[in-house]
């Protein structure tokens, strides 16, 4: 069994899959029908490229480093890998990328990671502990704060545990549904959270996270034990469909053959 | 061109045909006249001869600009007649400086409610245009001026080349075409050459506008005459000089429109009518850039 | 005789020169010791290029159309002539040109023309008459308003008459020395005005225009008759040195062989 | 490099070595360490491994940034030691988001007192950094946030090529090098290749920084390792991975500095020490852009 919140993988049989693979596959499926995605490196990158190969062939990828229309010839190991540039459609300054693409409203989906998230999808990637004297200094916002505000939707991919799904985050780096509502001129905010245990959506009226589906083999109890607040559960709770043979083959043979992000 | 203008430009629209001296899409302006669009608000830093033609032809009720003239020659007479004498009808104007107009496009493209700029102090422009207002620095170090965002309904951008998806490359003067395109709701790209996507992808740093924001791509060579396309044809200074005489008298102005716009079906006919000799005079020599290596990272 | 305020020329002998040639030559000489010049097309362009060939070989030209380091192979007939681009050092967007070069403080001298000027160097290029119902609609600011504020110095080239040198201009397009002083964070404002009659400077304390030199053959009376206010005259009033043979040869043979701007 | 750093970088300066993943001038950072500069304020969107080295080496007292990490790997341990445990001394931090940092450079380059941005709403960043403040739109349509201009004393920009006057061309990721250079008082350009002015002039649209604002040009091939120069060499991902181990322990960190910085006279020695085999692994293939015609207008 893959423990809650852990990205470590385990291979039982030919069709077994790692927690990361599950997260990537689920994220890719959420991209069905989306057009323009602001993408970071790592699992979101693999998810976006998997979506292009499966549910969303017309998906356009915008990299925060200033690249639009990449056709990477290898798995990019950083957000600014040169393989993202060669053969792309446009390379632009970071000012223009953030101002015209992101703040200008062209981004349908932005992916964010999180060290801590609360029930309203507010995200902390700045510090654990007090800002002035942190126990752990995390990377900070990068582009996350502006993605959270300006992308039309936000997808969150993160490991889940009582330390990451918390009642009160230590620092709001990127606002989610605040106390339950967002200003009209912002994007719609977090719409999906994908963890190693399940998939979460947000109540339209409440802005509060609800468990929408459990990954195969995960129990509701495990999820509750890995959540730092009284979790709402959807009335239509489903079981996540496991990765298909095709999805796994594409990840393992094409998108991450060395398993840099998926093992 | 006919279909693109019919579909993208609607009566009452705010339209920006941009290009600073370079790459001004006259053919799009002519098609708008030919289709007798009405009540347009025309935006441009420099209402060039094309806007004189459009305003004189009656497609516009308002002009948003920063420098009104026939560059290197003098006045735009059809526009002046409407402003000075309401002849044949009034023309509303909304006036900025060049940098003010540029910043309006930047604010529009960036979804900002205003853009700060160190101009206009002690000028009468803010009195003439109440949309130019002071804004205090929140850091307590004085005031600058603010201009409001400009969001054209349609931007028309001419380029040397584009691919079928609308990915567009320009070299030479860049003006504020990128900013105008990102600020607009609908974008029409007109190009000298339609190229394969692979041409664009071999030099992504030269891409000014991505197909993502483009609604129509029209292949229309020589569409900028009497303006120019760097490396493709020269500016036709003779036309600019002659326009001064044509536009001075409403009779010759409308005769010109009848002959060169309403009398023709398309820009291809205009190009043919202008004649091979004139085009030969406007042909530039060659001055090629060097290729650069992007590297193959596989 | 060339009448006051007129740009028409007359050629008497081989060394005779037009009013425009005089203005260009005088402007060029003012550029001695200057480094970066923001230049418009027409007489300022010829003056700048003449200065590069004579008093100021290291002068750098910035064209408002977005070009730095032009080496025009022919006389450019517009500010955006393609000959300015081919072989230049940098072509940049207008945003970057105005923001980084001009507003950023890199421009030492900006040239302005004027339809009306007052004693403080405030300039009108917008309307003659009332703004809402103008007798004459002039071009407007273009970049003039920001040049007037942000260039370190401003040189004005214009024809002189009672209609252009006025007590009160109809519209302030570009601020000069206002009522006599400028904010410290602006550039120093107009420093020289060159007309067909003479050269004017501004009093350091008063900000008011003073006649500094009379062109050859022009009388003080003529100048006063062509000025709409009680003109101050420098105690060191000089006679402008006439164009040299070299200056005239460069203008006529190299810079404007067809006499587009100088006859 | 030695002379340029000695002359342009002074103790107490605010220094920006920019480049987003691409064209990060490690060689300049190493020379600053070698010359034992002190009390620097280091600015960068992404304090990469180079700032971990500089901060750990003790040249800096303050960091201005937006994302602190070893991209694609994890943490910057030397910086974290100073922030979390003041080990061996405290490090002041001033923190923005990426777009906030970019806008600070734009405001600095444009001589604006502030730059408006639609970020930071409901985030704790403005509480953590009092220089991020709300600003009301003067058009009455709400508030945005403002960031203050950033004016580095020195900006270090690496480029594929420059001419002796400092006219500089870059392709591939552009980051915010242009903005940082125009915002800075002094600019140091480091390039892979020194080219004749005519190479620059054959493609003026590719020029990012004009010699006008450049104080020193240093020719230093491979100066970006383990970062990369598009078309010249690849990113050395192995180095980034290994750095995680090196930097975790102060002992191995300082041993690395002794071996690779203090133990060497110049970047040329670093290149040699790294070895031909490693460089061969990092050599990219070829992917050339097409030349474009600017036209000869005589």
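Residue numbering begins at 1 within each chain, and the chains themselves are lettered A, B, C and D in the order written.
Going forward, a residue touches a chain if its C-beta (ideal position, glycine included) is under 8 Å from a C-beta of that chain, and two chains touch if they have at least 3 such contacts.
These figures come from a predicted structure and were not determined experimentally.
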Those chains which touch chain C and also touch chain A: B, D
Maximum centroid distance from chain D, chain identifier (CA atoms): C
Between chain C and chain D, centroid-to-centroid distance (C-alpha), Å: 41
Interchain centroid distance [CA atoms averaged], chain B/chain C, Å: 28
Junction residues of chain A, two or more chains touched: 67, 81-82, 85-87, 91-92, 99, 103, 150
Set of chain D residues in contact with two or more other chains: 106, 111-112, 117-118, 142, 171-172, 174, 178-179, 202, 205, 230, 234, 284, 287, 294-298
Interchain contacts (touch definition) - all pairs: A-B, A-D, B-C, B-D, C-D
Residues on chain A engaged by chain D in the complex (per definition of touch): 41-42, 64-67, 77-82, 85-87, 91-95, 98-99, 102-103, 126, 131, 134-146, 149-150, 171-175, 178, 183, 185-186
Chain B residues within the chain A interface of the complex: 106, 109-112, 167, 178-179, 182, 197, 200-202, 204-205, 207, 210-213, 294-298
Of chain D, residues touching chain B in the complex: 111-118, 131, 133-135, 137-139, 141-142, 144, 146, 148, 160, 171-172, 174, 199, 202-203, 205-206, 230-232, 234, 284-298
Interfacial residue positions of chain B with respect to chain C in the complex: 20-22, 45-46, 65-69, 71-72, 79-80, 83-84, 95-99, 102-103, 106, 117-125, 127-128, 142, 171-176, 178-179, 228, 230, 234-235, 237, 240, 284, 287
For the chain C and chain D complex, residues of the former touching the latter: 36, 60, 67-69, 71, 73-74, 81-83, 85-92, 96, 99-100, 103-106, 150
